[in-house]
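You will see subunit A twice below: alongside subunit B first, and alongside subunit C after that.
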Partner chain A sequence: MSTTATEGTTARKWLLSYPTLMLGVFFVGPFGIMLAVSFFQRVESAFYKPAFVFSNYARLFSSLFLDNLAFSLYLGMLVAVISVSVAFPFTYLLSRMRMRTQTIWLVFLLSVLSLSEVIIAFSWSILLSRTAGVSNLLVWLGLMDHPVGLAPGFTAEVLGYCYLTLPYTVLMLYPSMSRLDPELTEAARTLGASPQRAFFNVVIPAMRQPIVASLILVFVFTLGVYLIPQILGNPEHWTLSVLITDQAVYQSNVPFAAALAVFLLLTSLALILLTFVLGARERIHTAS
Partner chain B sequence: MSDETKNGITRREFIGAGLAGAAMLSMPPILRAQNRTLKVGVYGGYFKDSFDKHIFPDFTKETGIEVQSVAEPTGEAWLVQLQNAARAGQAPADVSMMAQVPRLKGANAKLWAPLDAAKLDNRKYLLDNFVHTYDDGSISGLGAVSWYITLVTNTDTYPEPPESWAAFWDPANRDKLGLLALVSNSFLLEITAKTFFNGHDSLKSEDDILKVLDKLAEVKPNVRLWYRDEGQFQQALQSGEIPMGQYYHDVTGLAAADGFPVRSTFPKEGGVLDSGSWCVSKASNRLEEAHLFMNYMCRPDIQAKLARRVGTAPTVKREHLDLSDEEFAAVASDKPPILPYYQMYLDRGDWLSDRWTAMITG
Partner chain C sequence: MNADSHDALTLQGVSRHFGDVAAVSEVDLTVPRGKLVCFLGPSGCGKTTLLRLIAGLDMPTGGRIEFAGRDVTALPAHKRNLGMVFQSLALFPHLSVAENIAYSLRIRGQDKAAQRQRAEELLDLVRLPGVGDRHVSQLSGGQRQRVAIARALALEPELFLLDEPLSALDAKLREEMQVELKLLQQRVGVTTILVTHDQREAMTMADMVVVMRDGEVQQIGTPLEVYRDPANAFVAEFIGTSNLLQGEVVDDTSVRVDGHVLQAARLPAGAAAGTAVTVSVRPEDVHLYAGDEDGPNRLSGTVAFVRDVGQSVELYVDCGGTRITSHVQPRDKPDVHQGQTVTVELPPEACVVLKR
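Moving on to the complex of A and B:
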């Protein structure tokens, strides 16, 4: 009996070492290389050479890059909040539809995922243009005097981001939402709560964890997007990812691009940790 | 199971292969060269399509060297890829068309294979600034094509062509311009310096550059789009969404020929003349073919064909070309051009890019 148990543990150990290995090969390794490159010496008229210098990090502590980082984080949070606020009621209604309808919607959402960032950005820039965009439709309907161009602009950029993240958000919320016991809301209704009240006081608290997880996912996902702000945003709305691309691709300053990327990663990690710490403290608070 | 199939080859196949081999050995060398290939990197899209259609097949016909064209991105992305690949001993392309700043950076890093001047005799037709050498006199690259960035307008919105780059600063053009988003590909500093200051002389020190940047910052209210992607601006220019800006002379001419309401104007200060050069990756093992290819591309008749078919401005001196005045005007201009100040990007590229980003995002 004990032998079988040991065998089971060994097998499980081997099995668990697989994700660790993959994480090492595909995440820790590349990240290590990036970290190392971020300390390399930039040779301005050529490329870079291996070294251990802090000049790349020193350069990013300027108002140019710090302001940009602040904007990128703000944009990430804004998009996360909008995306989850739109996706949550949608997913709630979706999970209450007939199975067949649900499947059709899910297949549709999955197919939206196959659109690349470039296609999304270009489509929105045409949809929001003065000459061919939706404002012409509004003029035709008599709702507007003359067509206006909204792209590039902040609204266009946020719309593009939300379009990109919405399917992910729905797919993140869907599993827990479909497992949510309908009796919970039924009980609330029996006790006299209005449907709105049941939704806000029962469904949302019960879904707190998936909501926080989706917010974090969208936030992190948004930080890595770099084509949408380029195409749909004005220069003042370019994110740090755009500047990283410019450094790596157009300035061929890979060490500085790596330093910016490490900085972005650490800042977002710190924010996510903060969310967890606050969440845990609140839970202790509620328990006591 | 018969003996033949066990060995994985039938008797008939064996005889066939032997005959083919014998035939190959007895062929004249030029035909045997059919197996020789050369990977050539050219900008993806229109450039690559045109080269594939008009230039490479004739080269293959003449030399027997088959060209495999590789679509390369503009800007410095290709330089980074070539450099990374060369570290691993790989050459994604043997010969690449490089813009001047990445070419100079590659030369500083000795990324380009030094070439034999004796095998590149046709370089004598080139304009002097298109023969690039290392310190020891060996050749690091040769001018491939050049092109003009000019002042472009939508003819529906602007019935009269503008005369000067100063039109960008005209308050009447508020929210109407499309400009290139990077300091290193827009050459707006050179344009501003030529239009309002003393050209390159006004870009020699950081203080002077900041003065030019301040002047340039005045156009910001007029700019609707700072573009990185050419397609984005061209589409907007054609539809009239963004009716004025800077763009490529040849492509604008082609769009006009296709019936779109656009025009390209050489302002009185001149158009910006930028260029690309052929360089060979040091990781390439096709040096022989690369020399033949580059020598071929320097021929005046090929340069004239490029002007007629691809729409690029020749890198060969005009007296060697049989282009008519009209054909020449379609790709170039006799007005003295604004030349990019490449050395500035090499000397203070990082400083410049930060100041530039602060200017346009601020």
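Moving on to the complex of A and C:
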């Protein structure tokens, strides 16, 4: 009896260690290596050698990289806000449609997810170009005088980002939206609220947590995108991810790229924590 | 004719079709001011759809709806001045109890102090004082029920609508709330419509019962009228329990059931001899004697089962092809046992003859 019990405990121990193991292999390990490399010494015309120097981090505090960081964070927030603002009403209406229609839309959105960043970026660069883009169609229809090229440019870049993140946002909001009790809005209406007012008074506040979660996810997601800015944006609209790629791949400065990556990670982590702290404080405030 | 003389609610030929299916079909109804009306029927009978049409949450495909003589057929829900309690209660999860109750006042731009005062008044009314600052999730099921009722009554609505509001409560609490809600309705004096599938709930609370089936009204009457004098076999079976015997008309005063001729006090007007009818007899009206005693309106049979649950006794008797149920008080319980031959008497005044 006691042997089986011990065996059971051992088996459970192994089973429980599985998540820890996976976390170690796929997250802690690689991150540790990156962290270590960020303190290594770069060797010109070679690769790098183990060391413990702060020069990589010191280089970060130049206006070039700080401005770039600020731009990346701004772009991430802008895209997150646009994406959630567009996806939220869409998901709300979707969740009120017939089940069959909902399924068709969700399958369509999932299939959009399978498109790679490269395809999305090049398609938008063609669609927004002066020579072959949609503006030619508008000229042909007589709505515009002459075709304009939006790509490369900031608008094109934001559009590309939003196109990439929109399906994720909808799929993130959908589960909680479809669980939202439709009687909540009906109750608001019987109490005198117009449908629009009920949407702002009831649906949005009741969906607060999923909205914040989606904003954070889209924001973090945009920080890792590095092809869209290069194809759809001008160099001044390149993000930190582009610079990291540039340093690692073209300049062969892996230690500096690692330092940039660690810096970006810590900054976004700090921002997310700040969001949670502010959210918690507001909740305490409303409760009191 | 002044406005006060109007009935609170009038429905004229109200229908709601979904494609070919009529969820509600040609309903005519008049609800006098201050009364409590129950829409009663099995699930899918259209009672909730009809309530939603009255609330303006759904639009009829035909007919006319009037509140106190005003045509509101095309008016959306938020302009109708009603209070509704939903099956899920639908309390706003992001607001406190007081904010939930005062929501309709907030919509109309009343100031915070007035909102607060009204919320306190209503919490006193539903006997739940001092919980205004609590969060909805901190309340029990019965307390949430009261908050939902308070919220619906905050603006003194013309009509108070309840969609199976007590279905989420356990049996004991539900019985208590039925009485309390009825007393509250009488105190406030608001015209009320309650949707339920529970005939006991309808009997307890209603001034007037509307029995529905397949989107059509079967009978409208006071609870006792509907119980004592059902319009058809469906109503007889749905309201309470009933012995339903298939037979045919013999003459103006008697019907033949299973070879026996039964005297009946009332027959449907104009029922010719030979017309197929259903005879409904309430179990509490069935008399039962030990032994085989022949006589008018008497059938003999054997006791199939005795269910004695203390507060009442139910006896099941097999008479030829039909089973007849008799309910008696414990002190009147005849000395019979399972398998014994007995006589059941169906008094003429208890035999309600219904057209099939």
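Following the convention adopted for this analysis, the second predicted complex is superposed on the first by the 271 of 288 C-alpha atoms of A that agree within 3 Å, B and C clash if a C-alpha of one lies under 4 Å from a C-alpha of the other, contacts with A are read in each partner's own complex, and residues count from 1 in each chain.
Criterion: a contact is a pair of C-beta atoms (placed from the backbone, for glycine too) under 8 Å apart; a residue touches a chain by one contact, two chains touch by 3 or more.
Note that the coordinates shown come from a computational prediction; the quantities given were computed from them, not determined experimentally.
Placing subunit B and subunit C on a common subunit A by superposition gives a fit, with no clash between them. Judged by the touch definition given at the top, the superposed model places A:Ala248 against subunit B, while subunit C stays out of reach.
Seen from the C-alpha centre of subunit A, the directions to the centres of subunit B and subunit C diverge by 150°, a value given as a multiple of 10 for the model superposed on chain A.
Contacts of A:Val220 after superposition: neither subunit B nor subunit C is touched. Looking at the shared chain after the overlay, A:Val112 reaches neither subunit B nor subunit C. Once the two complexes are overlaid on the shared chain, A:Ala187 sits against subunit C while remaining clear of subunit B. Looking at the superposition, the partner that touches the larger set of subunit A residues, subunit B or subunit C, turns out to be B. Once chain A of one complex is fitted onto chain A of the other, the partner contacts of A:Leu127 are absent, as it touches neither subunit B nor subunit C. The superposed arrangement places subunit B and subunit C with a least CA-CA distance of 46 Å. When both complexes are aligned on chain A by C-alpha atoms, no subunit A residue touches subunit B in the first and subunit C in the second. Interface of subunit C with subunit A (complex): residues 55-57, 76-84, 86-88, 90-95, 103-104, 107-108, 135, 151-152, 154-155, 161. Interface residues of subunit B, counted against subunit A in their complex, comprise 73, 75-77, 79-80, 83, 102, 104-105, 108-109, 181-182, 184-185, 224-226, 228-229, 232, 236, 239-241, 346-350, 353-354, 357-358, 360-362.
Touching subunit C in their complex are the following residues of subunit A: 181, 183-184, 186-195, 197-198, 201-202, 205-206, 208, 287.
On subunit A, the positions that touch subunit B within their shared complex are 42-47, 59, 62, 64, 68, 122, 125, 129-132, 149, 152, 230-231, 234-236, 238, 243, 246-254, 256.
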